[in-house]
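So that you can tell them apart, the chains are marked A, B, C, D and E in the order they are listed, and the count of residues begins at 1 in each.
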Amino acid sequence: APREGVEEIHYRLKWLCNVSTVGDLYALEKGHFARAGLRVNVKPGGPERDALKELELGHAQFGVASADQVLRAAAKGAPLVVLAQLFQVNPLQWIYRPDKSPFREPADLRGRTVGVTFGGNDETILRALLARHGIAEGELRLFSVRYDYTPFYEGRVHFWPLYINAQAPIIGERLEKAGEPIAFLDPHRWGVRFVANSVITTREMLRQHPRTVSRFLAALLEAWREALDPANEEAAVQVLLAADRETPEAIVRRQIPVTRRLMVPEPPAAFGRIDEAAWRETEEILRVQGLIERPVDVRSLFAENLP
Amino acid sequence: MLHRRLTQFFILYAAGVGLLLAFKVALGLSDYVIPGPGEIWRTGQTYGAAYAAAVLNTLGVAVLGHGLSIVLAAAVAVIARLKDWIGGFIRTAAFNIQSYPIVAVAPILFILLGDGLATRLLIAALICYFPLLLSFLGVFSEPVREIEHFYEATGRMTWRLQIKIRAFENLQKLTTVVVGSATLAMVGTIVAEFIAATAGIGYSIRIALYQSDLAKILVALLLIGVGTSLWLVLLEGLGAALQRRMERP
Amino acid sequence: MELEGQDIAYRYPNAAADLFEGLDFRIRGPGFHALFGPSGVGKSTLARLLSGSLAGQRGRLNARGMDRVLYTYNLERLPGWTTLREHFEETASASGRPRLETLLDTFDIRPLADARFPRLSLGQQNRANLVRYLLQEFDLLIMDESLANVDEATRHRILLRIKALFPERCFLYISHNVAEVARFCGDVLVLRGHPKRPPLVVVPGGDQREGAEPDPARLERAMLAIVHAA
Amino acid sequence: MLHRRLTQFFILYAAGVGLLLAFKVALGLSDYVIPGPGEIWRTGQTYGAAYAAAVLNTLGVAVLGHGLSIVLAAAVAVIARLKDWIGGFIRTAAFNIQSYPIVAVAPILFILLGDGLATRLLIAALICYFPLLLSFLGVFSEPVREIEHFYEATGRMTWRLQIKIRAFENLQKLTTVVVGSATLAMVGTIVAEFIAATAGIGYSIRIALYQSDLAKILVALLLIGVGTSLWLVLLEGLGAALQRRMERP
Amino acid sequence: MELEGQDIAYRYPNAAADLFEGLDFRIRGPGFHALFGPSGVGKSTLARLLSGSLAGQRGRLNARGMDRVLYTYNLERLPGWTTLREHFEETASASGRPRLETLLDTFDIRPLADARFPRLSLGQQNRANLVRYLLQEFDLLIMDESLANVDEATRHRILLRIKALFPERCFLYISHNVAEVARFCGDVLVLRGHPKRPPLVVVPGGDQREGAEPDPARLERAMLAIVHAA
């Protein structure tokens, strides 16, 4: 049973416990939540999970969701509030073999086969990239991606989407071991700023328990900052290894620096900074592609004057 | 028959959607969690035709997969019914393979077979054949002594005759299972599409899931239900006709 | 041809006691014999032992020129997917096939030849089943109440015809009808209930042939002997 | 029995892996497409213990889910066997719901039921109950006239008695199906874990797929196979004992 | 009590012709009567029509004080999960239960009371089945070859006892045994094959009671009349 005066809180992550959740786990493990007087139940996400729906249903009070999910929900009237933006740069990139399908600029995609998860945000990002660089969809072949990398391994697909911080160290290591050079196409570098994971709560929560929200957020961001601080890297590795027994230590050690580069803004003190311009751009991409039916005023999503 | 089936299905579907909407109203949920009737209706108008075509596409593969799995199940059951080592081996194989989730085996299948229609058919058949196998095994391994005695005694029994006798004596049970397993072929095909296709309603559902678009899923479920009902009625008709033919005096 | 049993005993698995033991008998062919005894005494069991469809007896069984032993019983069914005629033609042995038309008449089932088994009346089912066995090759045919549900007139005609058509074969007829057994059978093996000794006695029957009239006195004697023995 | 089952399974597994390796060598595929024996072995050593624990975890839920689905299938079959409108309605419901892929329905289930053990159990049971339902339906709706006549004639027939008679007369068939459906409970549980759990072997498979690690998947399949074999042997033993008890003279 | 049939006809669905038509009969109770006729003539069919387990006949059936009509036939089985005694006790009617012990002795199945049905011999199965019907409430019990596989001595004892135990009830006994029908039954309804007219005639039988000796002359006459009619 929760101690006297301690609030029980459910926090739904976007994905299974991996490097993209290191700060969340760190907060739990190192007592940040406890010191803030919160008893937080950190619940891993999963493929058919949607933290936003759970927030609305009251199954959770805080959650992590990607910007496209948030905007879609907001367009349909979901009463959400964005508290912090975890990734400053979207971790979604495309792996390719520079020797077989060299890439210098987006025009090089012409005539290639590119993997996308239809319906996923990689499809949205790729379409935005193509639109920005004036490439028609007919100039390349899209390949429907699911669990299995074989089509890429076999060279039938030239560009394959993955998360640069979580998956690339694993897949990359395997290809390097086989002596194959690899490289990554980063849409961010080519002008597509598409926001990834953010921490979300509901308007109702914010209205009724503003102090809880701010205590939670402060504790969480502090934990993230510490977890990604190079000085605490060893502790972060241990926290991750304890929560995720499925990833070898060597890989985890490679994942953390990549994650740090994607997440920590300048200055580092502003961890969780909400990049309003990027949100606007994300909203526009979704609107242009017809993925949201009406415009969303992104400012209205952001939490103001937290106590 | 058809009419009744469809009516029943629509009642059922309406009840399901009604329940969801009641939930929505009771908890004051946004359109994102549970879409309102207006949105479902608009989605139906926008995607209805495309989804109906996708369901037909899926049905086509499902019919093939169903046929394949009936053949597969019958063949495995005929061997697995034997009491000897080979029979036990095949039984072990059939049972163990079944306990593997298709998502785990799918990558291996893709490696071995590529990702053409063959793999999709195989996945559909694999999902659907096992319940058939179980029933076939149950029926094929239980002797019908009053009929079989004569053939045994006169040295005329062959395995084909034995199967025929046991199948005929259990025609009604087998028809129930064969007709019923059609829906499994449907779900098998959808799952296969879900995993690895770029067409069919399973593929559409996958996209809708990524987009968290429950309205699309509800439209898809409606059309799957209608398609399945039509097919079931057809199969039941065939089954009844066969049974009448076989059992006529 | 002869089938001899010496000191035969049998106990069902799970049963507390032997069903029978110390049975000595000899079935001589060709001929039409009977196995008789009260209900539950073990006639069907013994018949299944003789035909090999049940195993596990003790004692010795010696067959001399009586290798093909068939056992048929009145609950057997024909498959439901063919007509009687199709079934008969499919399953008849080469030597049996020419007998088919005769048997259809003898058994009075020609009008049913195009019917399927499940719709037949009980007595019709009995007869259809027996016909197909008579189309087989066999040395000894054991008929376990095979005509139990057929009317007397038809049954008598059938019995006489069988004896006339198969003078070279051996039959063992199991029936509860004393009068019939006494009249039509050669040896009547009477299987007796538990305390009685010996457990099996043989009583000579009337062995009536087609065209011959039964001798009432001899029949009376045989009946009395059988009833007395059982 | 146990020994034989396991031997058979190992032969089968070895054949499967052997085939994959043969493919690898024949086509000169590199280690990242199909891992070499060394890597499989090392993965087994590293993850074997953890995966074995995960399989046990999964087995526990599967046993519960199997029980649940037997109850569910029996209940539905008892109602659906009726020839009237209600029976047809329940049949339609059961058949149509089955044709929905669980991945499409899962989001709705999560909305309605939350994500506790209940939802996972329900998903496992939904995957496993349908083949049971089909067989139960086949058995429960076919009269055993020679036994039932007396009860009908004397006005003593109740639906419970009817079910009992028909179940008893088809004991062997039902045992085959109930035992066999255990593997479906296993796969159902794994799929449920795959969709929405943080423990169990389904969760591990999910991660292995995400990491594109075929070696892990092969180790998981091995342990699933062993676990399933053990459970099946146990169930078969129970089934045989029950049958002996029920049919003793 | 009386069950009267007027101009009864029946045709099986799919059959080309009526199985029978124009049947007029009257079954008067209390009493022990028989339904007799060649195999396949329609006895079982008529019995099922009378008991209501088959429907679709033409003509009129009038029951006066004979409402509870039960039909039992020799292929019925008892469930395999209980012993005979348990089954009897479970299914007996309140008024029937006190008769149980008597019937176990009459039918000679007391030693089998703790056995289960499937392992019984055929005759034992016949008897067990009939016992449970005799434990029911009924006005008319139709026994379709219910004792066909029981030995004669036991069968005769059973028939006499039934008549003594149930003086107020009515029975219709279907059997192929002329001698038995002639000896034990009151009215013998003889159902006749197709061209014969009328399709059903009633012959008075010997109606022997327990303790009384049959009158050989009367019996002989009855037998001849029955055989002649059939």
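Assume a contact is a pair of C-beta atoms (placed from the backbone, for glycine too) under 8 Å apart; a residue touches a chain by one contact, two chains touch by 3 or more.
Here the structure is a predicted model, which is why all the values come from computation and not from measurement.
Number of steps on the shortest path from chain A to chain D, with steps defined by chain touch: 1. Shared contact partners of chain C and chain D, listed by label, are B, E.
Ranking every chain by how far its Cα centroid lies from the centroid of chain E, the top place goes to A. Top contact pair of chains, counted by C-beta pairs, is B-D. The geometric centre of chain D is 51 Å away from that of chain E, both derived from CA atoms. We define each chain's centre as the mean of its Cα atoms; on that basis chain C and chain E are separated by 27 Å. The distance from the centre of chain A to the centre of chain C, each centre being the mean of the chain's C-alpha atoms, comes to 86 Å. Counting partner chains per residue, chain D has residues 33, 103, 107, 111, 194, 209, 248-249 touching two or more of them.
Shared interface positions of chain A, defined as residues touching 2 or more other chains, are 48, 50, 53, 57, 147-148, 150. Under the contact definition stated at the top, the residues of chain E that touch 2 or more other chains are 12, 75, 119. Within the complex formed with chain B, the residues of chain A that make contact are 48, 50, 52-53, 56-58, 69, 72-73, 76-79, 117-120, 144, 146-148, 150-151, 291. Chain contact summary for the complex, chain D toward chain E: residues 146-147, 149-154, 156, 164-165, 168-169, 246-249. Residues 30-33, 46-47, 50, 103, 106-107, 110-111, 114-115, 194-198, 203-204, 206-213, 216 of chain D touch chain A in their complex.
Across the interface of their complex, chain D is touched by residues 16-17, 43-44, 46-50, 53-54, 57, 59, 147-150, 153-154, 167, 170-171, 174-175, 177-178, 180, 245-248 of chain A.
Remark: chain B residues 4-5, 8-9, 11-12, 20, 23, 33-34, 88-89, 92-93, 95-96, 98-105, 107-108, 111-112, 130-131, 133-135, 137-139, 141-142, 170, 172-174, 176-177, 180-181, 183-184, 186-187, 190-191, 194, 202, 205, 209, 212, 214, 217, 220-221, 224-225, 228-229, 232 touch chain D in the complex.
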